[in-house]
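These are the structures, in structure tokens.
Same chain, two partners: chain A is paired with chain B first, then with chain C.
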Partner chain A sequence: MLGFISRRLGVMALTMVALSLVVFFFVNLEPNLKKLAISQTEQRASPEMQESWLQRNGYRDGFVIRYGRWLGVIRKQPNVDPATGAAVPRFRYCNEPAEARYSGILQGDLGCSSALRSPVAKRLMEALSATGILMFWVMVVMIPVSLATGVLAGMREGSKLDRVLSFLSIASTATPEYVSAIIFTAIFATGLGWLNGSAASAITQGPSLWNFTLPVMTLAIFDIGYVARMTRASMAEVMTQQYIRTARLKGMSFTSVVMKHALRNALIAPFTVIMLQFPWLLTGVVVVETIFNYKGFGWLLVQAASNNDIDLVLACGIVSVVIVLLTQLISDIGYAFLNPRIRVS
Partner chain B sequence: MCDYPALIVHRDFDKNPDTIKMPGTGPFEIVEYEVGKKAVLKRREGFTWFGGEPYLDGIEFLDYGAEISATVSALESGEVDAIYQTVGETVKLLDDMKMAKEEVVTASTIVIRCNVAQKPFDNKDLRNAIQLATDNAAILKLGYNDAGTVGENHHVCPIHPEYFELPKVPRDVAKAKEMLAKSGIGDMELELISYEAEYVKNPADVMAENCREAGMKVKRTVIPGSSFWNDWTKYPWSTTEWNMRPLGVQVLALAYRSGEAWNECAYANPDFDAKLNAALAIADAAKRKEVMKDVEVILQDSGVIVQPFWRALYRHHAPYVKGLGMHQTFELHMEKVWLDK
Partner chain C sequence: MENIGFLNIVAGIVGRFWPVWLTLALMLGGVYFFRKRLGLFGQLFNTKVGAAGVLLCAFWVSTAFFADVIAPFGPTEQTTVMQNARPGAMVPDIGKVYYLGGDQLARDVFSRAVHGARVVLTIAPAATLIAILVGATLGLPAGYFGGRIDSILSFLANLVLAFPVILLFYLLVTPGIRETPIPKWMAGILFLFPLVFFLVLFTSKFRLQPRKLALYAGATLLIGGWLYSGLVFNADPFGLVRIESNELNIFVAVVFASSPGVFRIVRGLVMDIETRDYIAAAQTRGESPWYIMLWELLPNARGPLIVDACLRIGYTTILLGTLGFFGLGMGPESPDWGTAIKDGSQPAQLRLYIWQGLVPALALMSLVLGLNLLADSLREESLKD
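Take a look at the complex of A and B:
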């Protein structure tokens, strides 16, 4: 077990290195650097001034050197003021010291966001906790509803109840977030006025039914359909097993067969599916947070990508890798706990 | 280069990394500032502002991002009292929602320009054919929701003090066909490039249709905004936007004088330069107006730009917000604003 976990952690580290190299390569392509220079010089500079901005801020140094700096194995150099020759901090809005130092991701320094003009770590923590709250409520809504739907649909395959619930789950999964978000906003915010179509106040004043229902609902409904389908399939399969038939023939009531014998076995597959929903939700939050203006991780990712904010893109990428691989690890371990016939090794 | 009015800042502006602690002379001071999130302004305490006492205790600017639905929802739910700017179809939406509208006509515009250094747009007959084939009023209506006034292809706006009114040139498809035949470009396909923003994409679509009606073969290409600006002065035939300057001569000097950095048309005409330089040297607007006639005629006749409309700017706010207008160059005058709740 311990070997398994450490191997998985090793894979995680390797994936992070590979991903960061790929992302690093792409954000440093010439058109992207040019875009960065244009936005950092307020769209006002001539090509020569943009070039000198890139030079001065170290974007023209070699790929390996810059990657090393970001990683923290090569010293980050401060800028040199061309007028006085004195060292000045690279990004003064991030309170960077004006001296050469090892300060990369290995030292815990995620760098400075050029678009948001603040340290990446600060913005990333705020965004992750905001998205964490959103995900928590999505899970609170999604898990019970989808499991109940799936079990009810799957315990009598082909019944009227099954048909109705299956139809609803397929419909909800087939509607992408950007469609359902607009429909829900039109109905509940603009039409009825019951809910707020902007979740901005959820961050400043805390989440409430008024400002948080729409984003949670949009994300949860998309997932509910999918998880319910999985639960239904698993439940339906369990219900055809020999031991269920035996229990029924023994004279046990249908309810207690479902509760005592079927449920536990039927819920193993959905558990994995639910754990795998975390990475899936990460893509969902990009859309939902943008539409409802909730400044979490998805919003941060959009800001980073659209501004070619190198440090921020890299940090977001690393966080995504951790979330995806960590949830997979948990689902693998949990699977072994739920099903003793399976060993992790 | 003459450009927008500059803000005068304290002499230590460059030394202090913290904008918040900057001394100032306005009625409000910044107390909180987070890029991408918000800026909080508060009335300066123990301070007598030269313009009198402002009504508001403070102002919060919240960043709702580019996704307009969140902004609309925020205004609708009372999360915000006013928005910075309303564009495109949202104007009508917010009108229907009984929000108060502020409107101002500006000298901001879009141009669909030919780069005369690129073939086949070095051909003046072709350029004039394009101008004649294009219906500026239709572009304004179909491509920009009628949110502005019709332009006259010479980039001087009726709100400019030196504007000289030239006779209107109506659309003339028959004459455009004639000019096209005269240009001798034959069946050549012309590519009209724009970036993604609605206010240039839709007008360019309408214009392409206009030109097709006059027998041109037009291909439309849309380039993402993020990469468009890398080469914006080089495209043979494409769209740009120009914000307003207080005087008509200012943009002309930036955009159409020979060799200027932002001369996206690669237009070089010594005659035009001489006339424009003369106009730039005249301080009195009424006298400058006389010289402007020639300047406008030369530019219009050269055919380098189709400048379909002048954009009007809009802002919506809740009905209880009083004294908040809209300004041509987005200046915010919050000192006269009050809330009637």
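Take a look at the complex of A and C:
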């Protein structure tokens, strides 16, 4: 088991290095650098001034050197103003050190956001905790609903209940967040006026039913269908097993067979599926936070990417990749623990 | 402004769709008479779910086909007084109606949704097809040979899969990237796979029949090269095949994002089928590995692959919607559903002019629902025997 985990961690590290290289390459493409230079110098600065800004701030150094600096294995050099000889920070709003030192993500320095005009780490923490609250409520809604739906549909395959629930699950998987957001807003906010169509107040005044129901519902609905389908398939398979038939023939009631024998074995597969839902939820989070104006991680990612905020995009990219890889690892380990037939080797 | 009322709106819309009803009626008639000979396709109509899936898909395909006939207005046609008009508002002087209201730029929401079907139903199936060919070309050898090829390809596939889709699109589909040669390069590589796939397909089969081989390989090179030059270099000698650079960008990004998924499925299927006796028989006959992969393994993996293709077209539609929703790639004038949903989901539109977002949202949902239902009943039918 330990060998398995350490091997997986090795592959994870390799994946992260490769992905961060790719992201680093893309955000540092020439058109993106030019945009940054234009926004940082005055809008009408001449091309030469833009070029000298890029030069001065180290954007013209070699790719490997810059990647190393970002990672924290090569010393970051202070930006020296050629006119005065004094060190000037890259951006006014972040205090970057005046002496050369190792300061990359390995040291916990995520850099400076040029769009939000503050250090990345600070904004990232705020955003992640906001999204954490949202995800917590999504899970609270999604897990019981989807498991119950799946178990009810799967325990009597082909019954009327099964057909209705399966149809509803398929319909919910056909409803991406931007569609359900609009439909729910039309019904509950515009039509009935029961709920608030914006979650902005959830950050300042704390989440409430009034401002948080719509985003949570929207995010949960797309995944409920998928997890419910998986649970149904797993439940239906378990119900055909010999030991279920034996228990029934012994005279146990249907309810207690389902509760005592089938459920335990049927819920192994959905566990991994729920863990693997996190990467999918990420796209949903971005959509939902944009529509409902909730300033969490998804909102931050959109701000970063649409403003080509290099440090912020990199930080968001790394965070999301870590989330994806960690959930994959947890789901694999959890599967091995839950299912005694699987031996990791 | 005159309004024609709810019943007239419904009647008007149903009337506009007449070519679609005609097509559906012809199809249903055909299915009814030739049910016995249609095999799997005929069996789909045995269940309500299957019939609903086929009908929804057929509805949107024929809507896309007859878009010009169905839509009363062009996708970018503006009538200034109709800005944010309510559903059923009549355009003064012409006597034509904005059945589902007007949008912020005074365009007909109904016409745009109909034209949007054409955009979506061109890109989504085409991108899925290319993704399947790319995934199959790489997944077959990975599953069949295993070993180092498998490790490397699987690592690369997992790399793309670990990438958050939304970030991938933000990096790949920005306007800035069109100034660099990256989309061209990616298109050049990704579109090479279908060409390679068909060449290997024919070479492995007709290795000993040079005349047939020359015929098929020549045709592949001719047609493939023609499409390739048009799509990648925008240099089609006949000027028939061309694609806007922003559309190429979207296309490439979608293919890139969904081919690793196909790769994984094909690889898994190959590893499963590989152990069957007929594969061992082919190996004993001394067939070449590529012949076994393409002519023995792949045809026997078609069931799950077709189901996956249906789901994948639906998923690609959702992806395209996401792209449009974030204003990536598609021009702001584009009638595709994602862009329309983005425009309609501004806070003000959501509160006051809900139909602007609701119509494209329902359109997208019904198409994806149709594809999912179709995939589900295909899976059920193929599991039966």
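The definition used in the following text is that the second predicted complex is superposed on the first by the 342 of 345 C-alpha atoms of A that agree within 3 Å, B and C clash if a C-alpha of one lies under 4 Å from a C-alpha of the other, contacts with A are read in each partner's own complex, and residues count from 1 in each chain.
Just so we're on the same page, contacts are C-beta pairs under 8 Å (C-beta built on N, C-alpha and C of every residue); 3 or more make two chains touch, one makes a residue touch a chain.
None of these values were measured; they are calculated from a predicted model.
Of the two partner chains placed by superposition, chain B and chain C are both touched by A:Pro31.
Of the two partner chains placed by superposition, chain B and chain C are both touched by A:Asn293.
By the touch criterion stated above, A:Arg117 is placed in contact with chain B alone, chain C being left untouched. Once chain A of one complex is fitted onto chain A of the other, the partner contacts of A:Ala171 are limited to chain C, with no touch recorded for chain B.
Within the superposed three-chain arrangement, the count of touched residues of chain A is higher for C, of the candidates chain B and chain C. Judged by the touch definition given at the top, the superposed model places A:Gly317 against chain C, while chain B stays out of reach. By the document's definition of touching, of the two partners only chain C reaches A:Thr15; chain B does not. Once the two complexes are laid over each other on the shared chain, residue contacts for A:Ser46 go to chain B alone; chain C is not touched. Once chain A of one complex is fitted onto chain A of the other, the partner contacts of A:Met259 are absent, as it touches neither chain B nor chain C.
Contact with both chain B and chain C is seen for A:Ser198 once the two complexes are overlaid on the shared chain. Touching of chain A by both chain B and chain C, each in its own complex, is seen for residues 31, 35, 182, 185, 189-190, 197-198, 290-291, 293, 306.
Every residue of chain A that touches chain B in the complex is listed here, in rising order: 31, 34-35, 38, 43, 46, 92-93, 95, 115-118, 182, 185, 189-190, 196-198, 200-201, 290-293, 295, 299, 303, 306.
On the chain A side of its complex with chain C, the touching residues are 11, 14-15, 18-19, 22-23, 26-27, 29-32, 35, 163, 166-167, 170-171, 173-176, 178-179, 181-183, 185-186, 189-190, 197-198, 279, 282-283, 286-287, 290-291, 293, 301-302, 305-306, 308, 313, 316-317, 320-321, 324-325, 328.
The part of chain C that touches chain A in the complex is made up of residues 49, 155, 158-159, 162-167, 170-172, 174, 176-177, 179-180, 182, 314, 318, 321-322, 325-326, 338, 341, 344-345, 347, 350-351, 354, 357-358, 361-362, 364-365, 368-369, 371-373, 376.
Remark: chain B residues 17, 34-37, 62, 64-65, 67, 69-74, 76-77, 79, 226-227, 229-230, 261 touch chain A in the complex.
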